[in-house]
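Paired with subunit B in one complex and with subunit C in the other, subunit A is shared by the two complexes that follow.
Take a look at the complex of A and B:
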């Protein structure tokens, strides 16, 4: 009897093994059988998606073209569900209390600002009737105020009217410090917001402003409904139970309204019947699913076709390129989503200095020498970094700003020239001692820190070998991103303290007006123990020329002259090698070929025009 | 017996308090900032971030925060999440069903598979079946779930397109919803089953082998009992005692979710919640979850001990 059982099991195992082998072999055979002709005939089988036997494997593999073909007729008619995948998940829908970009995006589907910024960084009216300018009298010539005309007849999704009161309320909500708005810096320069009539609001600034479109624009300026949030100003914004509920379910004016929200997981929206152009809203439902990782989010759009749109695919080129090339999707990129740069420490980070380490009054022994900085700059192989590591997600650059287009400098150059770099160091008196150069007994050995990230460690390796060629030894250090970017003043490894010679990260202006960004290189902002390393100028770069230019820039109100000065500021810092720009990064989003509408934006949410998105054949 | 249980419960209270203190201290001392995403954003300067931290109560020293936390938890208030700015318990309740469905089902299947495989492997030690079983359980042991998960995704989702890679919280109404639910649960459940079956099978097998060589088995056979009766009635019931304990001790891990697997397949369970909360330094959520796990572990330890006594009359509580 025992022998009989043994045989039964043996037979079973052999059958199982055969089946497994058949399954395993299937994907390898599929490509040749996936002929276009087969796709049409096998469509019904594929549509049922029966996970049946191994023999069906070829049919299932042809499903992609078949699915596209069957969806084609349906594409003409509106309706259905738009599926969006984020690898970070939306956790709150009140944008002013957001804790990340994903929250702003989730709110943008429901709420609207007065104006959005499109893919060319131009303003597009949303709740505003038109964009105020100096010419149409909307902007005071002395820069003290801006007057917005609002669209009339706009209704909130609960049926009530949108008026100037809601705009004023949004300012009051965030102007109250106790509300602790994430967006508060967009509201603090405002002195007052008044309603001239129910459909006209006048924003008056504390001081003449060169950037009149700061407030109520893009995802930072989404308008809240006064009736819903009236009692939520101040500390009640997060402590009151009704306000907690409102933060997760804001009433909005956009094409979609909230249907269901599972914080940290899924947001489900449906059509807002009160929307001013509801007849042209394409989808019945929109879903934003969150979680997982960026690489499989790309696969879900480009390979399995489960979702229509996927956000922020920060994936190494070697992984991303084959996924994007599968033919079911398009990459959507903005002109710039940040500049990867090396920051040079002008202060001495030598641990022997103790408390004086990296303080601005301790000049760096050799990085303060312009020749060394320039040699590093031209020794780095930006092209190798761009093509090998970034691929479709970045390109080499010498500038600190790459968007908006009008402040991008055409004057900078940083071509690789190893011989010139060597000559610079020779002329400056750094002579080779073995493989490392030295001067006055100080060897050119630098520590180079960045966050832990596959891409960044790849960059560190390339830069290390580039600098070894010119006789500079690089000691690499990688720090957990939470620590490196975190604001913990007790930790020595933050980028703010910068206890190293070089460090690398990505940053960019947060607004089309780069004033706040350029302020980060002025002497007044130099990080030190006195300001708890929170100044913003982590490299301790300090130049009288740069400060004079910045002073001029911050006082200038004329847009054309401001752009010229912004370019001059960029050129100054690049010429001084205060930072060494490396890569202009694009964080591509991916969209299914059957989806029309998504465009790359730098200064607004990627979902800013979701009311126009539709399915196409 | 009652006295024993009472004593164990009383000992558990300080244990749980110490656990909560240690976790809170680690979280407070570990580097990290709930606003780290905005660290470089010039539009969100340090002053704004400081104000947000103050609004979340993070401006106070951590021992003070711990005392506040204990006193509010004792009143049943688990605090608000830094990310959702809404009560933590709401989040936990939203996530629990998915974890129970996916991780709980996988555990159940693993038990149902492991016990028979373990029995057969032991009875037919060194047979072909035993060898195959051993190979598979070592594969299950040694291959990490993120690897099995990725292989399954590549094979069944990307190439064959039988199963989705994005787990969605479907409404599950009607047969279509049920079918969709089964389809999206298939891959994560498989990954977990492979892993859990492996461990339980080995345990079941060795426990059976221990008993098979004992004198009472020889006596039973000598009495002329059928092979089946000896194995299933006498050996099995004795071998199950340690396995039942192991299964009981494993139940809290269901509630802990399967961090890697849930994250890989985007199952919005407790494991995924825990890991994203740790990444975002969302202390109240991490505290609530770990605290619940600690309580469950203590409770199931007690249950396992009691069950051991019930199943094995030789064990007496004193």
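Take a look at the complex of A and C:
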């Protein structure tokens, strides 16, 4: 009897403990909002609206970077340690071999490009003396080259001089395909980089370029030291032991240099005494910790105060809002860090087609009908998604591009109108049979896939109920983010293969110039087995009108006309419902109220101006 | 000696006969059966009875209980301002109904167990999830127990080469990494099975129970084999063999009832395991579609909101907890009750 009672208690306690552990441990499993390989899905860094920063940034843009430091309030004494939390940990510090935003950001603390992009998407000189323009003669009028003047007297943290050779070397390093730079697309349009003198470099393009600031700008253009990486060009970049060590400990020109790096865990930096403005570097040490999840990262800044700055807090509004309200922190957001959208499949994903599944020559039975696409578009309750799920981290949008401001279309409209949607379907001949509409015996049943993520499953639920109202049945599927964004050609569940009718993810232009982004909807880029589904046009949208506009856009060199054409391209794809934009995301970072400096950028690292960060009382 | 013996023998014999007569008369008046004895013993096990009551309550709640709750919820929603658009909606429609006026509200009169981040009713979702989770647990357990018992019994009873082959197969299955295998199976058979069954939910249900059950029989097989090995040497088996009872009858009529205890314990543990494995699969995205709220998925989803809406994870968590605990108590009680050696 005693034994039995003991056993009973044991079961009770073990089960209770398991339950508690399951409940307590579960938040750690919070699905990451950004997939690890999210280069395509998440814009690199979120940005800020902090008023102080906004007024400060232009100053830094026109004057030397020292300007910001001289404005420092005298109250807080310099020194101490700046603690930063990334819930994805840094694994490599060579930005050209980086596998994600976290690596670029980790490298940005040490290395500098020729120019950064600030929170207004303007260029701010870093290693360059000034920003080349057509007016100051830096950019050739025919668009074939750009000439950068470099700062003189800049030293690497090992004491050697920074010269044009380092800039040329960085191009050579990534221009070699065998190096396998993840940033190679920023270097391939370059025909040559020459030194006119030790402090002037001339970049010549393969073809006249409308985007002269493509190379050596932002986190994609960080300059490596030639002396350190000279022997690492080509396959040696990752195979050679000395190069592997260099990838983990690059020598840089920025305000901080590497002290200790545990890949996949923490990076510790200390002051770089050789920095050109070392006297104004505020912190003695900077630490980037890795690990955890977005919600606990927000708590670490806003509730426990363990860290000063946290990255990428894309968590549901209901979780984030109470954390932010605690008053110890500020959210730092950018104008846009990606457009959450539904991609419509113009090809037929029916498994019965076998190998022909989702091939561009198999038109979709009903999604090729503009009426159906438009009905879906106006049936979706974007406002409900924005307010209930995103809260402060997103707003409803009808556009494919929300940054930079000059290419944001004012012409689009996508207000919810259920009756109009029903009428569209009625007029097109889709009649209700029970709760689902059908035409010619084909019912409007769609499969709708996305990655596993609380927020996205919430969106799926809302959209499913919206479409049910107009008689379209939605079958929901959620796929592990690693698979969905992975691009493995052997896996049927990738977004590239798109074996579903609708799919949802976030994407945005990776550069202020959206040419590469808009190219993703041209007929030439349609995904198919022929191009291993790597074309980039996953919806198989193909329109002669759009292609003609894009042709015009890619040849145009005048910035104002380019902006007009970019807006026209956006309007065309939105009018055709090639994709259905839902939410403009402002994935926020959070900073402690006692930290001054972090500003948000859409097109550069969130740590781009870390040399000006300081503590305020 | 022998005379004396004989002299004593006669009255003693007479005495015994009367005793036997009395005994048989008693039995004839009130027969005691194996099942009756078991039931008597089982009733005395209070925790097991509590377990049965809870399980019966849950089963009734998810099957019949949802009907009155559906009409209650529809009425409440109509008065609270977010009416259900459809007439006479079934539970499947109600669990997807979004009530934006009541997001993450604590249990109240409209939503008896509160709502989630989209205003979906937690009680409705728990009821629906209970159907799926309980059914998955039960069916998967049945599959694993039947498989395990048959394989273990055959291996233990026949021995020799058959035993060797079956046990090596068991070892093989034990050494297979379960989760990758499940993922593989789901990837390979998901679409064809869904197509054959006509709906994603039914298709996934078949795959999940077959996979979960098909990968959980090994422990049972080993336990049953060990029990059979020891029992087949017992005198009652020899007696049955001598009487010419067939092998199958000996296995399942004579030995199996004596091995029921460990099998039932394995079965009860199996139900809990199946419920939990199912939630793991749903979490990985290869189980039920994300809009099918199984208990495991409700816990996973609710765990995000532990600080703002703890009931979202605690309610389904408590349901899993109570169910598995009740099943364990039930198993404990059944084992004691069915064990022919235990006398209460």
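Rule of thumb we're sticking to: the second predicted complex is superposed on the first by the 542 of 617 C-alpha atoms of A that agree within 3 Å, B and C clash if a C-alpha of one lies under 4 Å from a C-alpha of the other, contacts with A are read in each partner's own complex, and residues count from 1 in each chain.
Here, a contact is a pair of C-beta atoms (placed from the backbone, for glycine too) under 8 Å apart; a residue touches a chain by one contact, two chains touch by 3 or more.
Predicted, not measured: the structure shown is a model, and the values here were computed from it.
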Problem - Contacts of A:307 with subunit B and subunit C, given as first, second, both or neither - result: first
Practice task
Mind working out whether A:464 is in touch with subunit B, subunit C, both or neither, as first, second, both or neither?
Solution key: second
Practice task
Examine A:520 and indicate which partner it touches, taking first as subunit B and second as subunit C; both and neither are also allowed.
Solution key: first
Handout entry: Which superposed partner A:384 touches (first subunit B, second subunit C, both, neither)
Key = second
Exercise for the section: State whether A:95 touches subunit B only (first), subunit C only (second), both chains, or neither. Expected result: neither
Practice task
Considering only the touch criterion stated at the top, classify A:581 as touching first (subunit B), second (subunit C), both, or neither.
Solution key: neither
Exercise for the section: Look at A:597 in the shared chain and tell me whether it touches subunit B only, subunit C only, both, or neither; answer first, second, both or neither. Expected result: neither
Exercise for the section: Would you check which partner chain A:480 touches, where first means subunit B only, second means subunit C only, and both and neither mean what they say? Expected result: both
Exercise for the section: With both structures superposed, pick whichever of subunit B and subunit C touches the larger number of subunit A residues. Expected result: B
Practice task
Figure out whether A:106 sits in contact with subunit B (first) or subunit C (second), or with both, or with neither.
Solution key: neither
Completion exercise
Note: overlapping subunit A surface for subunit B and subunit C spans 23-24, 26-27, 30, 480
Practice task
Note which residues of subunit C are touching subunit A in the complex, please.
Solution key: 47, 85-86, 96-98, 100, 103-104, 117-120, 187, 191, 195, 200, 283-285, 289-291, 299-301, 303-309, 313-314, 317-318, 320-321, 324-325, 328-329, 332
Practice task
Would you pull the subunit A residues touching subunit C in the complex into a rising list?
Solution key: 4, 7-8, 11-12, 15-16, 19, 22-24, 26-27, 29-30, 295, 315-316, 318-319, 322, 351, 384, 388-389, 435, 452, 454, 457-458, 460-462, 464-465, 468-469, 475-480, 492
Practice task
State the interface residues of subunit B toward subunit A in the complex, per the touch definition above.
Solution key: 31-46, 48-49, 51-52, 54-56, 80-87, 91, 94-95, 120, 124, 127-129, 132, 153, 155, 157-166, 168-169, 183, 186, 227, 263-266, 268, 272-273, 276, 279-281
Handout entry: Footprint of subunit B on subunit A - complex, ascending
Key = 1-2, 5-6, 9-10, 13, 23-24, 26-27, 30, 49, 51, 57, 60-61, 63-64, 85, 89, 91-92, 94, 97, 99-101, 177-186, 220, 235, 237-239, 244-245, 247-248, 262-266, 287, 289-293, 296, 299-300, 303-304, 306-307, 480-483, 485-488, 491, 495, 505-507, 509-511, 516-517, 519-520, 534, 536
